[in-house]
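Letters A, B, C and D mark the chains in the order given here, with residues in each chain numbered from 1 onward.
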Amino acid sequence: MSFDYSTSLAHASFKNPIFTASGCAGSGKELSQFFPLSDLGAVVTKSIMLKPRSGRATPRMAETPSGMLNSIGLQGPGIDLFLEKDIPWLVDQGADIVVSIAGETVEDYAILSQRLNGVAGISAVEVNISCPNVENRGQVFSCDPVTAHAAISAVKRNLNPALPIIAKLSPDVTDIAAIAEVCVSAGADAFALINTLLGMVIDLNTMRPKLAGKTGGLSGPAIRPVAVRAIYQVRSRIPDAVILGMGGVSNGRDALELVLAGASGISVGTATFGNPRAAMDIKNELESLLVERGFASFSEAVGYVHRDEI
Amino acid sequence: MVAGMINRFATTVAAEIISNKKVGAYHHIVFEVGAIAAHARPGNFVAISVGGENSSMVLRRAFAIHRSMDRGASGGVIELVVAPHGGGSRWLTGLPVHSKVSLTGPLGTAFGIPTEPVRALLVGGGYGSAPLFGLAEVLKSRGCRVDMVLGASSAGKIYAPIEGKRSVNSLTITTDDGSAGFHGKVSDFLPKLIEENQIEIIYSCGPMGMLEAISEIAQQHDLLHQCAVEESMACGIGVCMTCVLPIKGDDGVARMERSCIKGPVVDGEKVIWNSKGLIPEGTWGK
Amino acid sequence: MSFDYSTSLAHASFKNPIFTASGCAGSGKELSQFFPLSDLGAVVTKSIMLKPRSGRATPRMAETPSGMLNSIGLQGPGIDLFLEKDIPWLVDQGADIVVSIAGETVEDYAILSQRLNGVAGISAVEVNISCPNVENRGQVFSCDPVTAHAAISAVKRNLNPALPIIAKLSPDVTDIAAIAEVCVSAGADAFALINTLLGMVIDLNTMRPKLAGKTGGLSGPAIRPVAVRAIYQVRSRIPDAVILGMGGVSNGRDALELVLAGASGISVGTATFGNPRAAMDIKNELESLLVERGFASFSEAVGYVHRDEI
Amino acid sequence: MVAGMINRFATTVAAEIISNKKVGAYHHIVFEVGAIAAHARPGNFVAISVGGENSSMVLRRAFAIHRSMDRGASGGVIELVVAPHGGGSRWLTGLPVHSKVSLTGPLGTAFGIPTEPVRALLVGGGYGSAPLFGLAEVLKSRGCRVDMVLGASSAGKIYAPIEGKRSVNSLTITTDDGSAGFHGKVSDFLPKLIEENQIEIIYSCGPMGMLEAISEIAQQHDLLHQCAVEESMACGIGVCMTCVLPIKGDDGVARMERSCIKGPVVDGEKVIWNSKGLIPEGTWGK
């Protein structure tokens, strides 16, 4: 029996559909102690910005029922060091790479895109537009159709078209499918659904927000029903939407839910914190579940829930 | 696997609990962990999944390795000292013998062992004494003189097993309420101990406030100070960036470093203490 | 020690701040087998509509990590039978009552309000505008500032002003505080925060959505960080906002988080399904936690997290 | 508390497990439940919290009471038959003796007991046989003739304890795969059993498809049919409206009724079967 586990996100192909989630695999090195990164569909790197960035003050995390809040604040080395050190190292490992970029301004997205052109070893670019726009009162890019369009357009105009553009959206919007449509019109080839939900935990000793940044992003199994819904909605509205799904996937069954709803790839985030080998376990479990259900290839299962829709 | 890197011996095992005993305010728990024991060094920690199969607690809990014993082919054991605190630690301390837990380790940095015999002072706060006994044994085996001072809020929270006492030259106990040993904080007694025992290096583990106070004293006495910090950790393996604290590099610039892989054992002098809730001025990328 | 546990929602006073959540206490009778309803701050009734309503087909629920999805579809007897049977029964029990109403059109809200005028025993009206507007492609009223305003205005024009209007908002919006502001301008006296989040679970056997209604509302501890954040945000934007808080409260500590964030009352929903006496346990636990922290009255603790804001 | 109402004796107790034994595909579990036992009637169920203190499973699981025994001042026990299926039931069946679980009961309607001695056929599918043995005892004590037929997919899934067999006049077993008793579905054998034993009333418990098939046969034979339905329940106490199914009232109009308080035992004739995924035409409020 030869099950075809390969997948593609727009014009990028991957050997299997299990990816890391941006910000949940360090620079790759740390995770590579637990399994070879080349066994993944791809490593999705932590969203990189133009400049080195210290991120938010601590505490940066709080555990919540079946989930956690984080407020890392996009700590990272900046695009220069990233391209100099992290990418070559990942390439050396034989890992496929999706680079995640994040900007504070539309201009940032343009420059970051230019910097990626011609870099060897990159398969696609995830554009994290679920981050604050400093030119617009810190409002999150993907929470406003106008700024979402501007950010994706800036990438489209500046990025080598060989690299698919994956727009990463926030679920904290009234109509995520409408934002997705705007991104398509701006040139997005695919979507990453979903980023974290905005949440808050209050410390009952200090009687103040537990995180130094007050609010944080909610991830983990708690949000999985929201992720499945978002993927389902976007795929219903845009039937040929290509989706990298994420949000609370911690085993093969969870992954299958997102795939059936419409995800062509699965990013594993918070689950890795509880189980360093989570991505590998999920990869094996998902494959078995698909074979058990009689699918001959992974791609047959993508969006299978929509099979009755006209 | 990448050679020369932190956590290169880390694996995840289904560790069987072979003993679980209440000792004062803590539980002393022994786990069958196979090869992990052989690789564990004093200062390393392990990360344990808590709450069972359908747990709402998605993150592992970190515990300093108290002692480890490699028994070659017949496997290895490690010992932990766990304070029943919140949901995760209460679940763990409540497990019956023969239960299995998912345990990842050994993780993080270890205490640096001097190549020459030195006069070391080991300072522990609360369950922070746990990794110090294993460290004391190693130091003794290298010919060091080892003095130890342990502090806690009250007598029940001093963890100092009898066997452990044998591996130190002197043991001083302090409690905030005077219910055991000297009345006061460990840091109140350090200057005297440092001078009397002509201490050359301090090793410490305990609450962040205590580590800060020790760092200050160490600097005043111009002593090396290796301390095991305890920051809130989501992953314990360096992939999430939640556990950071500002640590100065060799270039003198502070960076928000991950305490799980740059630590838990760090050079006290390099840490910018009391940075909870803020990024110190001059930190890289601020 | 005389701790003052009373609270008020705008111009309605209650003996304590622990309420049931709409749709999570049946008609009251069922719950009264487990404790006297008069021990609650108030019973919040299941959202009532103009006509009897069968609700959605089954399956109507799916358990999720630390939560559940429901799609009841507002099954209920309609306002006539409700006023004839349920209200007098609750009054007989000595229960304080907050009536929750839901409409399919703006007109429905107007008529329902009129029907409540002069009914004895009602303390306040919760206006569930987190339900689909049949005149606007089924879009949820509270997801659009225009329809949210219209529904609340209809209530304001028609309801006896002695009854405070509590606007119940959906968290599935880009800016919940903006919707709250619109509701204030339409005449809302208070807010109920939050209703469920839209989610989906896929049945891995049938490979179709598990709920007959496809999507459902996510409730329970999983959503608590979102509830705390929503309450915090509304209270930050509208410092004198009066809030009935809900979302994943299952013990006194959870309740305290919502209170500190700004809730003057707590509705207990999903927790009652796991523990019929949850509301009573929460009432006792919250009181102890407040006393331990040195509060002399419940109202001192409301919004305490905001104490440093100017 | 309201007199004359359903669930009026329901309370929540910390029930201790006093026995937990694997029997075929099931676990037979005995709980110390105090006064709940005295109020339990055949057909009632209990709702149990699963997964322990930090469980991600927020809803109780419903289980039909297999048998209950009131022992007066020395408390009472109930017995359940649990199939290890998903997270909740696996947790429960895995608990050691002396564990305590939060248990609410007795809940729901009970099988109606005829005032005159009648000839009753009890039909159980899988663990659906559980409540039937307690029912058989009551019927026997009222002078009824009790025939029983139990079906399951295979032999291991037939739950029929030896003691239970004593309380019935005849016991027929059927399995889908023929691994025990007759080869086929219970419903295949009903017409013959009804005729041979001149059955006057059918009691049933099992999968919804089976109940539907029995209802049809009962109607053909013009027999009363009391069946215990099993719908997915969030609360079990009538407050959430998740467990509904269309049941005709005395006025002939179908309403979406809560199976937890209008049931689990309902009059098979009144149920509109096979309504999963739709609200039947003519249902009140459609």
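We adopt the following convention: a contact is a pair of C-beta atoms (placed from the backbone, for glycine too) under 8 Å apart; a residue touches a chain by one contact, two chains touch by 3 or more.
Since this is a predicted model, take the numbers as computed values, not measurements.
Here the chain-to-chain distance from chain B to chain C, counted in touching steps, is 1.
Ranked by separation of Cα centres from chain C, the top chain is B. Centre-to-centre separation of chain B and chain D, using mean CA positions: 55 Å. Chain A and chain C have Cα centroids lying 34 Å from one another.
For the pair chain C and chain D, the distance between C-alpha centroids works out to 35 Å.
Touching two or more other chains at once are residues 56-57 of chain B. Touching two or more other chains at once are residues 65-67, 220-221 of chain A.
Chain contacts in this assembly form a complete graph, since each chain touches every other chain. Every residue of chain C that touches chain A in the complex is listed here, in rising order: 62, 64-67, 69, 143-144, 172-175, 197-202, 204, 207-209, 214-216, 218, 220-226, 228-229, 232, 248, 253, 256-257, 260-261, 289, 293, 304-305.
Across the interface of their complex, chain C is touched by residues 1-2, 5-8, 10, 12, 49, 56-60, 102, 104, 231-232, 234-245, 255-256, 261, 275-279, 283-286 of chain D. Listed in rising order, the residues of chain C touching chain D in the complex are 23-26, 29-34, 46, 51-61, 63, 65-68, 70, 72, 75-78, 212, 220-221, 250, 270-277.
Residues 56 of chain D touch chain A in their complex.
Chain A meets chain D in the complex at residues 65-66, 221.
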